[in-house]
Amino acid sequence: MIPLRVTGLTVSYGRVAAVRDLDLNIAAGEALALLGPNGAGKTSAVEAIAGLLPKRAGRVELFGEDISGLTASAIVRKGLALVPQWRELFPTFSVEETLVAATGAAQGRSPKPLEEIYALFPVLEERRGQLAGSLSGGEQQMLAIGRALVTNPRLLLLDEPSAGLAQGITRSLIQAIIRIRDSGVPILLVEQNMEIARAIGSRCTMLAAGSLAWEGTMDEAIARNEAARVYFGTH
Amino acid sequence: MRRGPLHRIALALAAAALASTVAPSAMAQEAGVSDTEITIGAIGALTGPIAFIGTPGRDGMTLAIDEINAKGGVCGRKLKLNFEHASTPAESLAAVKKLVEQDKVFALVLASGSTGAAAAADYVRQVGVPTYNLYGSTPIIREPFSKNVFHGAIVPVEVAAPGLIGLFYDDGHKPQKIGVLAGTYAFPQATLKAVEAHLKSKKIDYALEQFDQSARDFTSQLVSFGRQKVDSVLILGSFSEAGFAIKQARELGMANIRWVLDGSAVSRAIVPIIGNADGIRGYFNNPAFPGQNDTVREFEARLKKQLGSMPQGRPNNYDMIAYGSTYVIADAITGTGCQLTRDKFLASWSSLKNAGPKTMGGLDVSFPESFTETDHQGNYRLGAAVVKNGEWQVYRVIERP
Amino acid sequence: MAELALVLIAGAKFGAIYALAALGLVVVHKATKTVNFAHGAFAMLGAFSSYLVVVHWQWPYWMAYVLTPPLIGVVAALIEFLILRPLRRADMFTVVIATVFLGIALSEAFRLTYNTELLAVPGMFVGMPFVFHGVFMTQETLWVIAGALVICVACVLLFRYGRLGRGMRAMASNVRGAQLCGYSVDRVYMFAWFLGGAMAGLAGVFVAPVSGVSVELSIAIISAGFVAGVIGGFDSLKGAILGGLLLGVSESLAAAYVSSALKNCISFLLLFVVLMWRPEGLFPETVARRV
Amino acid sequence: MSEPRRLLAGLAPALVVLGATLAGLPLDNYPKYVIAIAIVSIVVGASLVVLVGLARCITLAAGSVMAIGAYTSSLLAIHLGVPYLIGLAAALLTGAIAGWLIALPGTRFRGHNLAMVTLVFQSVCIILIREAKTLTGGAEGIHVPAPSLFGWTVRSDGDFLLLIGVLSALAVLVLTVLVRGAFGKNLQAAAGNEVAAEAFGISVPAYLTAAFVISSVGVAFAGALAAPRVRILDPESYGVMASIFMLAYPIVGGMHSIWGGLLGGGGLRVLPEFLRPVADYQELFFASLVIVVVMFFPGGFVELIRRGVLALRGHPAGPREAPQPAVAGAQAAAAVTPLPAPDGAAPLLVVEGVDRHFGALHAVNAAHLTVPVGGIHGLIGPNGAGKTSLFNIVSGFLAADAGRVAFDGTSLLELAPRDRIRLGITRTFQHVAVFGQLSCLDNVIIGRGRNGVLAAIGQSVDEMRSGPLTARARGEALAALDAVGLADLAGMPAGALSLGNQRRLEIARAIVSDPRLILLDEPVSGVAEAEIEELRALLLRINAERRIAMLVVEHNIPFVARLCRSLSVMGAGAIVAEGTPADVIAMPAVRQLYFGEDVAA
C-alpha cells in the first residue's frame, strides 16, 4: 500500500483557485520534493492534504485509507504529520511542553519518546524549559519538526523548513531530515531551494499557478534546468 | 369661592337626580357593560424587573373576580378582567388607551409601578374612566386630585413616613441615631423625600446612605452607619435588598439594631435571606400577615389552588391588595343600584364606607376602605408588623398617623 | 482600622465571586476567542440549581457544589453546539449579539418558570463568626473567599498542567498548531464552553446565599466578570482572579469612602480607564497583545 | 434608474412614514398612539442602521442617547420654558455631543470591548440623570408639558401623531439620503475593508465618528419627539434593557438598508400590541427572534422579503454574474506591447535607502528603486525577501525606520495612506479588496477620491437633489469600468464577481481618479491562467492610453517579465539586481536567489 496517493486535488479560497486537479504519489521510504514559484499553490496543496484547508475536490489516501473528509486533528491521529510553513508553535509553551502537547495525537501508535527527539536535535534538550516564543528561528524549526515527530507519524509533510534560516542551521536541519527519511518515514517536502530539494528528495513535482507543471527526478530537473522554465518562463 | 361640604353634597345629589332622569333605561349601555358582563381593565408589568408587582396584581384580582362570579357576579353580570402587560410609561399609555378606547372597559385598575401608573393616571384624568391605583404611592400619581382616580390600600408617602418613624419608638425603644438606607430608584426615593421631610420637621438626627437597585453588598453603607453610631435603621427598598442589608449587618457585628422596613420589603421572602429575622419591624398595608390567622391562611390556600404552586415569598402584599381592591370595585358597582353608568359608579365609589371583601362574602384580608367626594384615598391604616418566631405578624394597627 | 478591615473583607468576598465569574469568561474567550455575554445567565442558572438542591429538594448542601458545575457545563456545551458552532465563521459582531440575546432569553425563560422577585438560598455554614479585634468574619464569608479562590487556583492549575487544559491553551495560542498536535477544534471548543459553563455554575452556587437567585444576578455577574476580565487582561487566568479581587475591593472602598450612590460608576470607571490606557490589562499574560 | 423613479426611491421611506401618519389620523386614539410611538421607533431603527448596519459597530448606549434627547428638550421646556422646536434643536445638539463622546473610545474598539464601552456610557448617563434630582426629578420621573409651536398646543392623539409623523418623516428623509448616498456607501466601505478604504481617501476614524454622531443625533431626536407623548420622563425607561432591545431593531429588520430600520423599529414596537394575549412570553420571544435572525437570516426581514419577492417573480435568489463579461475590449488590446521608455524621463517615484526592522529581522535593508514617468516597474524576489514590506512602505501602510520615498519630489513617508490619492497614487491589493456590498459602479466612484466625510455628506444631498453624481463623474466611472471591460456589470454587487473580474474592478477603481502611478500588489495572484494574459493586456493598454506609471509586485515572473520594462529583484531585504526583465532573469545571482545556493553539501 503506498503511503500517500493524492488524486484530483483542487483547493480554493473563496473564488481563488489555489490548486487545480493535482495528482501525486509517494512511495514507501521515499522523499518527494514539491517545487514551484511563490504562489504556485504548494503550501495550499500540503495544507489541504493535512486537513488544514478544505478541499474543493479530490481524494487523499494514506496507506490506502481515504482521509479526504477528515479534520486536521483526525488526520494527525491517523499518522500524517505536517510541519507547517509558519511553524505554528505556541509561543507561551516551553519546548518540552510543546512536545508533550503533541503526544496525544499518537493514539494507537505509541508516541515517540522525547529522548529520541532530543537525540535528533540536542539543542532542544538544552532549551527544554525555554519558551517556544523565545527560541531562534532555527530552533523553532527544529521544535516544529520535533513536535510533528512526537506524534510518531507514518508520513511527514515539511513545508519549506529552510525558509528564512541561516546556512549553517539549514545544513544541520537537512541532516536531521535525511536521518528521518532514512529511518523509514516517507516525506513530502515543499522547497524553493533546488539544492536542498535534491539533497533530501529523489523525485520532484513542480507546480505552476496551481497546476502540475513538470514531474521527474531531481537530477533530471536540475540537468534540464526545468526550474528556470517553470519559474521564469524561460530556458 | 369656598364650597362647604353641604354645598357639595347638594350638588352631587342634584347631579345624581339629573342623571337618573336624563338617562332613560332604553339608552345605550355604558362602555364595558353588557347584559352579561362588566369588563374591568388592568395594567401591570408581567415581564421585566417589576413583574413581581404586576403578576400578584393579576393573580389577586383574578382570584377575587372568580369568587365574585362564582357567587353570581354583581348586578346580575359576571366580571371580566382584561389584564395588559405594561411597565414603562410608554407601554402603560398604550395599554390604557387600548383598554379604554378599544376594549371600552368600565373601570381601570393600575397595578403597575410608580412611573407607569403616573403616565396612565395623567391620561385617565383626561378621559374620566373610573380608575383604581393599587400600588402607586408617590405624589406624581396622586396629584392633581381627580374625581375619577381612586387610591386604595397603599397610603400616600406623607402618611406612611410618620408611621414608619413611629415604629422606632414602639415598645419604649428610644433610638439614639436613625440611619436611613434608601434605594436610588423610583419608589424608595419617593418615600425618602417624605421621610426626610418628616425627620427634619421633628428635628430628628439621621444619617443617609443609598444603594442601587438590586444591590447585594451593603458593607460600606453599614460601616458608615457604624461609624456614626446608628442604632436604628430604616430601609427603603425591596425585601431582597433589605434582607441582604440586615444579613450583612449581622455579619459585621452590628447587633441590637432596630430595623424598620418600608412596606414593600415586608414580605415572607425576607426571612429565608436573613435566617433569624425576629424583631424586625415594618408596616404592612393589610390587617394581618399571610399565615397570621385563619382568614389569611384560607386566602393563601385559595391562591395556591388557583396558581397550582406558590412561588417563594407569595402571597405578598400585592396579592392581598389586588384581591381586596377588586372587592372594593365590586362594592362600588353594587352601590350604583345596578344603574351601570360611569357617573353613578363614581358617585357610588365616592360614598363607599368600609368597603372590602367582607361585605360580599370574600376573605377579609384587607383594610376596609372608605371614600368621600373630596378624598379618594380609601385607606389610611397601616398594620405595624414584626417578625416573631420567623413569621411576620401585624401587632397593632396604626390609625392615620 | 477595624472598619477598613471590614470593608476589605466584604470587597474580597464579592471579589472572589467576581474572580470565579471572570475566570469562566476568560477560559471561554481564551480558547475560542468568543466573549460569552450569556455567562451571567449561566451563573444565574447555577444559583437556581443550588436553590433546587438545597431548598426545593432539601438535599445536602455539598450536592449543589457537585451537581451544578457539570449540569451548567452541559447546558453551555449544548449552546456551543447549537448556536456558536454554526456562527463560528461569522464575525465577532454577530457572535456578541447572539450571546447578548441568548443571555436575555435564558434569564426570561427562568423568570417565566419561576416568577418571583428573588429566591433565597441559605448559606452553607451557619456557625458563629470569627471575631478578631472587632473585625467580624462569618464562616460563610470565609468559605466564599477561600472556597472560590481555591477553585480559581485549581482551575488555573488544570489549565496549566492538565491535558485538556493544555489543549485549550494550545488552541488559544495557535489554532492551526493545536490541530496539528491532534486537538480537534470542535472538541476543544465544546470543552472550553463546558468548563466555562461549569465555572459560571460554580460562581452561581457561591453567589446564591450571598445574592439570592434573581434575574438581576445575570446582569450583575456578567458586568462584574467582564470588568474583572478586562482589568486582568482578558486572556490571562491569573489576571482574571486578580482583576476580580481588585474590582471587588475597589468597589467596596469607593462605596465606603466616596459615595454609596455612585458605587456602580466605580466599576465602569475602572473598566473605562483600563480599556483606554492599558487595553492589555493590568496583569497581562503576554507582553504584547493587539486590541 | 430613471429620474422620477430614483427620486421616488429616495423619498419612499419618508413617504411610508407620512403614509402611516395619514392612515392613522382617522383611526381611534389607541391606534393613533401606537402608530406615533412606532414611528418614533422607526427613527431609532433608521438611525441605528447607520451605526450598526453600515458601520458595523455594536452599541448598547441607544437608550441613554434617547434619554439625552428626551431630557434635553423636556428640561428646557420645564425649567426655562423654551419653545418646543428650539428644544428639539437642542436635543439634536446634545445628541451629537453624546455621539462624539461615545466615538472617542468607540472608534478604537470592536466587538465585545465596544459593547462594554457603550454600556459604560449608557450606565453612567442613566446614573447621572437619576442623581441630578433637582433638575430631572430623579428616579421618580417628571411630567413633560404638552408641546406648543406657533401657538398650536399639541394635546390630542391626532395632534401628536401629526407632529411626530411629519418630523419623523423629515428625519427619515435625512437618514435615507445619507444611507443611500455617498456617505452611506463610503461608510460601508470603511467598515468592510479598512485598508482599501484608507487607500481611497476614506478616513476610517472620521467615518466611524460621523456614524456615531449621526446615529446619536437621530436617536436623540426620536427621544425628544417621544418625551411629551409619553407624558412621564423617567430614567428607568431608557435603561440597559431598552438599549438592548433597540439594538434588535436594525438586526431583525435588516441592517444594510434604511428599510430594515423602518421594518425593525416599527415592527418590533407594534408587535407587542398584537402579542398582548401572550405578553408574559414577549421578551423571551424577542430575544429568541434575534438569535434566529442572526443565525439563519443575517440580512433580516428585509432580505427575507426581498428574496420572497424575487422568488415570486421567478428570479433566482442570489445575484448572479452575467454569463459573458465584456472582455472583448481587453482582447483587442492584447497586441499592445510595452511602450518604449521615454528617454531621460524624470523618475516619478524614487525610493532610496529605505530600512525597516521587525525585531531582529532586517526586513528591508537600504532598498532603492525608481519608477519613471509612465513606466512599468516590477519588484520580484522569493518569499520573505521583503517585497511586501517595501511595497507597504511605499503605499503608506507601514512606516520605514529610515530612508526616503519621494513621488514627483514630494516625500511620501509622512503621508497617511488616504492622502496619497490626492497626489495621484492609487493601488490594488494582493487579496482583492473590493467593497463587496456595493455595486461595481459605486466601487469605482469611491476610487475617484474626494471621500472626506463632509464632502460625502454634501454629495449625498446633491445626489438626492440632482441624481447620482453629476453626469460627468458618473461618466468617468462608467468609462473606467468600460476600460476594464466591466461596463455591463456596473450595477452588480462587487462581491458577486469572479476573482478575475474583481481584479479588473480594482484596476478600474485605481484608474478612475486619473492617477499618475498605480501600485499593483500581486495583480494576478490566484487568477486563472487564461485570464492572466487578458489582465496583462489590459494593464499595458491602460499604461499606453492613460500614461499611468505602475509599480508591480508579483510572484508570477513570466507575467512580470512580459509586463514590465524594468525589474528590481529583492533578496533578504536588499535589492540584489536591477535591469530589463531579460537581463535580470539571466543573472546568476537571481537564479541563485530563487533556486538556492548549494548549502546541502
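A, B, C and D label the chains in the order they appear, each numbered from 1.
The definition used in the following text is that a contact is a pair of C-beta atoms (placed from the backbone, for glycine too) under 8 Å apart; a residue touches a chain by one contact, two chains touch by 3 or more.
Treat the numbers as computed from the prediction; the structure is a model and nothing was measured.
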TODO: Identify the chains in contact with subunit B as well as subunit D, in label order.
DONE: C
Task: Geometric centre distance via CA averages, subunit D-subunit A, whole Å - done: 41
Open item on the list: Please tell me the distance, in whole Å, between the geometric centres of subunit A and subunit C computed from their C-alpha atoms.
Closed with: 42
Task: Between subunit C and subunit D, centroid-to-centroid distance (C-alpha), Å - done: 37
TODO: Can you check how far apart subunit A and subunit B are, centre to centre, with Cα atoms defining each centre and the answer in Å?
DONE: 78
- [ ] Going through subunit D residue by residue, note those that touch at least 2 other chains and give them in order.
- [x] 131, 280, 283
Open item on the list: Multi-chain contacts only, two chains or more: what residues does subunit B have there?
Closed with: 47, 184
Open item on the list: Can you list every residue of subunit A that touches 2 or more other chains, as numbers and ranges?
Closed with: none
Open item on the list: Dump the list of chain pairs that touch, please.
Closed with: A-C, A-D, B-C, B-D, C-D
- [ ] Using the touch rule from the top, collect the residues of subunit C that touch subunit A in their complex.
- [x] 163, 166-167, 169-170, 173-174, 176-186, 285-286
Open item on the list: Quick check: in the complex, which residue numbers of subunit D touch subunit C?
Closed with: 56, 58, 60, 105, 108-113, 115-117, 119-120, 123-124, 127, 131, 240, 244, 247-248, 251, 280-281, 283-284, 287-288, 290-291, 294-295, 298
Task: Complex interface listing, subunit D residues touching subunit B - done: 28-30, 33-34, 37, 130-131, 133, 138-141, 143, 157, 226, 229-234, 236-237, 241-242, 272-273, 276, 279-280, 282-283
TODO: Please name which positions on subunit B make contact with subunit D in the complex.
DONE: 46-48, 84-85, 88-91, 93-94, 97-98, 100-102, 114-115, 118-119, 122-123, 138, 140, 184-187, 189-190
TODO: Using the touch rule from the top, collect the residues of subunit A that touch subunit D in their complex.
DONE: 13-18, 37-39, 160, 162-164, 167, 170-171, 174, 192-196, 198-200, 209, 211, 227-228, 231-234
